[in-house]
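One structure, as structure tokens, below. Some questions next.
Think of it as A, B, C and D in the order they're written, each chain with its own count starting at 1.
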Amino acid sequence: MLHILKVLFLIGSGAAAQVITSQGTHGSYLTMQLGSALGAVFGIFVARGVSGAQLNVVWSMSLWLLGRQPWRKVPLYALSHLLGAFLGAATVYLQYYDAIQVFSGGHLSVAGPNATAGIFCSYPADHLSVWGGIVDQVVATALLLICCLAVEDRRQGLLPDGLAPVLVGALILTIGLSMGSNCGFPLNPARDLGPRLFTFIAGWGEEVFKAGGGWWWVPIVAPFVGGLLGTLIYELLIEVHHPHTPQSPGQESEAVELEEVVVDSGNNR
Amino acid sequence: MLHILKVLFLIGSGAAAQVITSQGTHGSYLTMQLGSALGAVFGIFVARGVSGAQLNVVWSMSLWLLGRQPWRKVPLYALSHLLGAFLGAATVYLQYYDAIQVFSGGHLSVAGPNATAGIFCSYPADHLSVWGGIVDQVVATALLLICCLAVEDRRQGLLPDGLAPVLVGALILTIGLSMGSNCGFPLNPARDLGPRLFTFIAGWGEEVFKAGGGWWWVPIVAPFVGGLLGTLIYELLIEVHHPHTPQSPGQESEAVELEEVVVDSGNNR
Amino acid sequence: MLHILKVLFLIGSGAAAQVITSQGTHGSYLTMQLGSALGAVFGIFVARGVSGAQLNVVWSMSLWLLGRQPWRKVPLYALSHLLGAFLGAATVYLQYYDAIQVFSGGHLSVAGPNATAGIFCSYPADHLSVWGGIVDQVVATALLLICCLAVEDRRQGLLPDGLAPVLVGALILTIGLSMGSNCGFPLNPARDLGPRLFTFIAGWGEEVFKAGGGWWWVPIVAPFVGGLLGTLIYELLIEVHHPHTPQSPGQESEAVELEEVVVDSGNNR
Amino acid sequence: MLHILKVLFLIGSGAAAQVITSQGTHGSYLTMQLGSALGAVFGIFVARGVSGAQLNVVWSMSLWLLGRQPWRKVPLYALSHLLGAFLGAATVYLQYYDAIQVFSGGHLSVAGPNATAGIFCSYPADHLSVWGGIVDQVVATALLLICCLAVEDRRQGLLPDGLAPVLVGALILTIGLSMGSNCGFPLNPARDLGPRLFTFIAGWGEEVFKAGGGWWWVPIVAPFVGGLLGTLIYELLIEVHHPHTPQSPGQESEAVELEEVVVDSGNNR
């Protein structure tokens, strides 16, 4: 489990490190988003066969709410993700050590022209209020959940093996391109908090928690609200359009099977 | 039905909001078009299994003309799309409220350096005459229909599940990259009118209808002409090359089946 | 047949028209190449089921050389392509009439800051000698043929339906990104000559044939040399590694079958 | 074998030549990385059916370590790749001869504003120490191996034919976008040394070995360390999560079969 988030973070955050420390000569806003998206794709490919590829604790919560996995798995995944993202941040710092030292002049700062904290976790844009940030993250995570549930819904069609991870990557690119300018679309509590803790320890100091008017808790709380909303909307949307297929126990057990096939695919082969 | 257009609009228009309000630091022309394309992809994935994924009323009209669905569905879809696009616009405005306020200085305008109306619906470029806009939209919608009919034509080959939505997204990207500079390739009457009504109410005022020499009706009327033309061209193109497969009743019923399989896929599983 | 090239040209050339006449605000070098690539993808999808999707007469020649189609088809395709590309150019001119008039100030020129002839067909960069252009086109067309033959070679694996057209598009993007700066990678005699004839008639005048030191014949002759070279290299490459599968009549008839399945797929279903 | 690296190099390096000699008008950092990625995709498609598509000697070493091929193949591939990359570099130089002469003013240099050696092989960025370069290449090659092993692991799911080469290309793009700014992600000893030897002979002189504080050996040695590390991590990661499937001889022979199916696919059809 730990490894998914590490791969995801290593790639996604490396893409940001590259663009920021090269001052835009080695990439652009698009390449950063492509990095995040492709990091998710390969994170899933690395882990999908061994322990399921739940790369966001909000998604784990949603599967629990839908009765597709026991609640005990949720905190387990959360802790594992937190550790994976922390180690991923440490690896990115190691790989970009020279570049970050030269770019920042040796002063690790959270804001200003030579800020490097944005490589590791999210900070709000200057224009964003706290309420605006909460709305942004609720809308974005709700959209993430609706589309993920749709892609994995066997009633909607049976995708060829390997297409679902690519579509999840495309979805993350989509959100990055359409909902990334307010606060960098964290979407993922553990992926945001783990690296924030790393930068706190590694020399950026307590400013990582104070910045943006105490921003740090928004990407932890708001995605759960958005995930809950998205799961509800998708279920209602399906309910409305499937009047003749009641959510009976039989239906649910089919959903469980589906989940195992699509998300934990290959585990029992 | 309502939800397809909402997802589509939320993503596509969010991508425009992001680029415009960040003044190009968080995206480019390409990322806006990718946003529109990926919005369509996930719009289709969300809705393809429950009620068909007709995301453009011109496409609905074409299917009716080809005898693949009753005419009653066409106005139903049109109304549903109009409402979905209106709600999508409201959500984008909510999510980008802070950014739009700061960028526009609180003055919601249709033209000028701080114009924000272009986030929501189409306006013609300065060089474009009304006739030029009509030609542009007729050509672009005809191309859209020809290629969509080709992708969904089972006689051309049987695509793996999940590829058709991706190809439709690629097609929208294609048109955005090759036919987007004249008037932003609206192509879709309801997707253009719904958000225009929202901006009319939300504070941009009657300028949204007056701008571009009363441009607003062109993206409503011209796509129907283009859709009709595209459907005719594709049918003739097929007729010319399939001399031995007459458009008999049997042929038509095969086409109806095809439609159900590809567009309404999963509905009856 | 006519329609493939028309769709291909309409999209690819429209993407160039958009970038040039918007002076780079509505696209970039990458979007032009994406346009060319996606134009090929949808050109193939439109025509693959009815009459084969041979969108380059050099490819038709190669299939004839390999004994997979009679020689009579080659000039037939060439003429059809020439006409299709001519009509495609006319449609692009119609759609971008306003934009071209405003950008060029009403003066249709082949060179200089307001040149618009490059929208329609290839001209060499200033640094390129005629021999350099011939080498460039021979290398690029040879690569095109080697990769197309590999993608369609059933001995290399059986691709899912719909993947081959996407790969051909990716190949054209590839060549555009790696071999496009010398002379715009024409690769395709009919696609280059048809629009050149259109611009000759439509007002750009005889300069379209005189420019670049009489460049016009290079993209007509060199691709045939490169296509021949690429076909030979691929056959030798296969021969060397398949010592136990002699190119017997049986082998050839298998190749013919393959061709029908992959290129003319769907025709006989 | 020789041909894989040649195709790969011709495309990847051509994309760099295009961007550098056009001074950025015909591409960007993203197009160079796309070129490298697509070069790998078509390199694999050209060679996958005839002799396996091992395009990196580090990958060959990993397959030997996992007992999936005899050690004798490793030096054979290394030599073949070296020659292929050398010939690829010669072809790129031939194709871009005019452009390189004009851009460099006839003086082939390794550093400075008109440097052209970076078209052919890797040089470290100014900020990078030798240790930083080693860390960068170890991390990047380890990631490459982990993800390649995951994509090809049949226990993780059975991909449709033709998807694996595309995913390998996406992986190379990923690494280019997230780990390319330190030293250009060589990752591949033969692909780096072959062209370096070509530039040494062709007129860039001994500076190609002296530059970057004697950088040349890092991209030869560090990828092997990273490859070893990546192979170990993936095996441990699988071992930890597959407690009930011991790495017995039977397991191994399954792995060998897998290898033949995925990498050498089509050879024995």
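Miscellaneous remarks
FYI, a contact is a pair of C-beta atoms (placed from the backbone, for glycine too) under 8 Å apart; a residue touches a chain by one contact, two chains touch by 3 or more.
To keep track of the chains, here are their UniProt names: A, B, C, D = Aquaporin 10b.
None of the values given here were measured: they were computed from a predicted structure.
Of all chains, the one whose CA centroid is most distant from that of chain D is B.
Mostly differing positions are employed by chain C and chain D in their mutual contact, as under half of the interface residue numbers are shared between these two copies. Chain centres here are Cα means. That of chain B falls 41 Å from that of chain D. Distance between chain centres (mean CA atoms), chain A to chain D: 29 Å. In chain B, the residues touching two or more other chains are 28, 30, 160. Within the complex formed with chain A, the residues of chain D that make contact are 28-30, 33, 125-129, 132, 135-136, 139-140, 143, 146-147, 150-151, 153, 155-160, 163, 167, 170-171, 173-175, 177-182, 233-234, 237-238, 241-242. Chain contact summary for the complex, chain B toward chain A: residues 3, 7, 10-15, 17-18, 21-22, 25-28, 30-31, 34-35, 38-39, 41-42, 45-46, 48-51, 91, 94-99, 101-103, 160-162, 265-266, 269.
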